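In the two complexes below, subunit A is the common chain; its partner is subunit B in one and subunit C in the other.
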Partner chain A sequence: MTGAAARQTLRAVRVDARSLAAAGILVAGWEFLPRRGLLNPAYFPPASQVVAALAEGLSAGELLPHVAATVSRLLVAFFLAALPGLGVGVAMGLSGTVRRVADPYVALLYPIPKVALLPLMLILFGVGERAFVLTGALTAFFQIVVNTMDGIRQVDPTLVEVGRNYGATRFRLFWKVVLPAALPGILTGLRLGLGLTLVTVVAVEFAIAKSGLGHVVWGSWQTLTTPRMYAAFVAVGLLGLLLTRGLKRLQDRLLAWQTSVDVW
Partner chain B sequence: MAERAGGTLPTARVRAEATEAKVVVRGLSVRYTSSRGTLTALEDISLSVQAGEFCCVVGPSGCGKSTLLRVLAGLIPCAEGEVRIRSDGPQRPLTAMVFQDYALLPWRTVLDNVAFGPENRGVPRAERYRLAREILAKVGLSGFEHAYPHQLSGGMKQRVGIARALANDPEVLLMDEPLAALDAQTRNLMQEELLRIWAEFGKTVVYVTHAIDEAVLLGDRVVVMTARPGRVKAVVPVDLERPRTLEQKGSAHFARLYNEVWQLLREEVSAASREAGGG
Partner chain C sequence: MARQGGKAAAGRAAHPAALSVLSVLALLSLWEWAAGGGWVREAFFPRPSSVVAQFVVLVRDGTLASHLSATLTRVAWAFLVAALPGVAVGLTMGVWRGAREALDPLFAFVYPIPSVLFLPLAAFVLGRGEPARVLTSAVTSFFLVAANTLTGVRQLDRGVLEAAVHYGATGHRLFFKVLLPGSLPWIFTGLRLGLGFALIVVVAVEMVGAEQGLGSLLWLSWQTLKVRDMYVTLLVIGFLGLGATYGLERVRERLLPWQPRVEVRR
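The block that comes next holds the complex of A and B.
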């Protein structure tokens, strides 16, 4: 990769050069400590070995199917959750009646780590993709519901008065006033939902799936192939970075009208 | 022809064909019932506003000035009494409100904010933009069509708020302390602006304010309200010469009018602060 292309990639994922420098220090330590025998290289292989394992796994195509498995589970789970999550969140945000009926259930289920529901999903759907994906989808669903509802409830009531006084129909009041005003909260819910779904999907793969990056981590641990294990960690991390940064970019573009402040 | 306000609530706020005045409020009361009892916000308000009149309403905090404006705007149902607003054009909206905190839609450009009312009524894009540009020019905002509200100063935001109301071409312009969020100098400038804009557009205005000097400078009449429950205590006609300028604030005539309103208001303000202090 040329220097210019590298800079462009960095800008695309919004990584500050100083942030990269910090990573460099970390990686240097990671290389140095095992090599000098200060850390047991069987458990903590030097960074170069992890990078080599990652490069080999990707170029030999051994890791790629696992990356693909994780990504496809993640995306299917996310989109499966997004539509109903937005729908329920909007309904709960707009209607006090819907909120009073549904809120106890949401409040009850939201804090449960959805991985804990994996056994239930396995009983309901058998061991297979459906159970894995639905467990991930539940994670995203509740996050999206909660943030969408809050986003709509926090809309400035004066803006709703503006809509009414300026002749907006109920339809236009929703699409032209309430929804744009609630968009920051809604997009935050989608971003958090995506990140948490990755966590859940990897955990599910860890526990039971026979493919995916989580499976690679667990399999490598059992055979003490630690470079491969760390390579899978790194791959999960990069995946999370790319996905949430991508959504953040979309959010910034859609919400160019917002002002934000760096306090420090 | 009855108009339903706020979507679903039936009200006695009606579009009238012929009335003796532009706005007629008769026996209007507004009460809020909660588990802790009934709160009377407005009690037996009767008021007429002539076509083209600038009518100011002053009163202590919490006296229901904003509630009165919201009933006129159709945002709060008029449960007791009636509000009649004479319609001189069947398609014209009855009211357009200018809000204290501007209440611009922050994701819309200035142009799209001003065109919001006509857009809701289905006016084609080219036509509503032409109208919006024309009005923006009249409030001194040419060149800011494509700016977003967060890029504007407070005074400019409120000019957008006023332009948005004028673009909707309402029968009655409602203004809810429109200058209260501005600094004192900008407020002075905007008072002059309002005088100029009002003279140009000739709108019927109901203008709620805390500031006595503002009410006297702008108004044809000043309606003084009592502490809660809000009633009309007195109506002070303002016979200052028009066109008015800020310089008139220094005249003895202005001072007399200011004092007259303040004497009426004084005991109401202390009553209101006693109530606030005593819970």
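The block that comes next holds the complex of A and C.
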């Protein structure tokens, strides 16, 4: 037992060492190629300058408001979408009638790039936060609906049958049998919804908003202040990493009995 | 199937699609009536019949065709640029642990960055033009294809692999006869998701910086407040997305009829 544990630790250390080495080579290349003039430093500033820009932006508070703008849009959009998404998803999962009525709209709107709905939102609500946030919310909404519905429909009928035979009422059957069994699908939907909403929110900021990390990338591109641009880039990457890996870990902890296949 | 009451069974006896068709017809006629009677503002929600009329106009004068072909060309290129290296990298990472462990953290960091942000980077490398747009649209799709291919190799049955090795399969024979066919269902899933994502990013990129394409038509219709043009474009994009998703699914069913559908996202 201890031997296996030790082997596992050793393996984890080796994996980390390899990853670190790869990341180190990348960062070193990013530092020296521009310095030696092998990459145009106007376009690809050395890594140290980017780190400096990131540190300065965060400490001087120049970048912080943009981080806050992106995160708050993301969260507002997500929470606006979560409850309705769960409700519609559950209804479509449980009732064939609801599913058939709603299916054409979900089938048509789910694969649509939600950024494409931005102009419509701009017309409906004018250029402003409401339009930006709603575009993000639509992204999360459809992802949550689809995964919740699938999660409920994939519940093993035997479980429901057994529950019913033991005399569970409809209400109890839903809360005690169907919902726990569908939880992995539902959580996956929430997680994917949050991740995709970040994509939409940043794209919206890139396209039109006057604040947020997406806007910083756009603005610094136009003025060619590239260290700032890459700093925003790294900030978005860290945010995304936090959302994907962090939430993944949370989901695995919550559903310890369930192993999920997932990469990145 | 969470519930299988008698009522649901009776509903299923009728044609299953009937309710969906009814639902769409009901909404469209309600919309038509409400917009016609001034209950909702036509400036925001034009009557469906007028949207259809505008669709015919845009088809006739060739506007839609030129924008559609620009978008389709970009999606096709982005898909190609993403798919080939994606499969190659995914397979490499699948069979070679060193590559897997080295690239994993980098990919985990880059993958969630929204692809549109790569537009400036691509423009630095390739100049502001078509290649930069295509490359930008390919980024996320590449990761989706690579991730699914990698999973496909990793989930291969150890027993099958060992049997193949014992029967003397090595090198390219092991690769082409065992590894590749075994991971094909996953590769297909990656391709399907990648195609869908390529469309998403192409539209987004066209919105912020292109003169042609459905995304730029969308943006233009907002700036000129041509609401009907916007609805027509949205419909076309919706059906494109639908086609990208279900079209490749059909291809997979035809090519790999024995394989169930599998999926991994992030």
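Following the convention adopted for this analysis, the second predicted complex is superposed on the first by the 237 of 264 C-alpha atoms of A that agree within 3 Å, B and C clash if a C-alpha of one lies under 4 Å from a C-alpha of the other, contacts with A are read in each partner's own complex, and residues count from 1 in each chain.
The definition used in the following text is that contacts are C-beta pairs under 8 Å (C-beta built on N, C-alpha and C of every residue); 3 or more make two chains touch, one makes a residue touch a chain.
Fair warning: this is a prediction, and the values are worked out from it, not measured in the lab.
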| item | value |
| --- | --- |
| In the superposition, subunit B vs subunit C on subunit A residues touched | C |
| Touched partner set for A:Thr158, first subunit B, second subunit C, both or neither | first |
| Contacts of A:Leu124 with subunit B and subunit C, given as first, second, both or neither | second |
| Touched partner set for A:Ser48, first subunit B, second subunit C, both or neither | neither |
| First, second, both or neither for A:Ser72, with subunit B first and subunit C second | neither |
| Which of subunit B and subunit C A:Pro111 touches, first, second, both or neither | second |
| Contacts of A:Ala168 with subunit B and subunit C, given as first, second, both or neither | first |
| Overlap of the subunit B and subunit C footprints on subunit A, listed as residue numbers | 170 |
| Complex interface listing, subunit B residues touching subunit A | 5-7, 70, 73-75, 93, 95-97, 99, 101, 103, 105-108, 116-117, 120-121, 148-150, 164, 168 |
| Residue ranges of subunit A touching subunit C (in the complex, touch as defined) | 14-15, 18-19, 21-23, 26, 40, 43-44, 93-97, 100-104, 107-113, 115-120, 122-124, 152-153, 155, 157, 160, 170, 174, 178, 182, 192, 195, 198-200, 202-203, 206-207, 214, 217-218, 221, 229, 233, 236-241, 243-245, 261-264 |
| Of subunit A, residues touching subunit B in the complex | 156, 158-159, 161-162, 164-170, 172, 176-177, 180-181, 183, 255-259 |
| Subunit C to subunit A touching residues, read off their complex | 1-4, 8, 11-12, 16-17, 19-20, 22-24, 44, 98, 101-117, 119-120, 123-125, 143, 147-148, 150-151, 155, 196, 199-201, 203-204, 207-208, 214-215, 218-219, 221-222, 225, 227, 230, 233-234, 237-239, 241-242, 244-245, 264-266 |
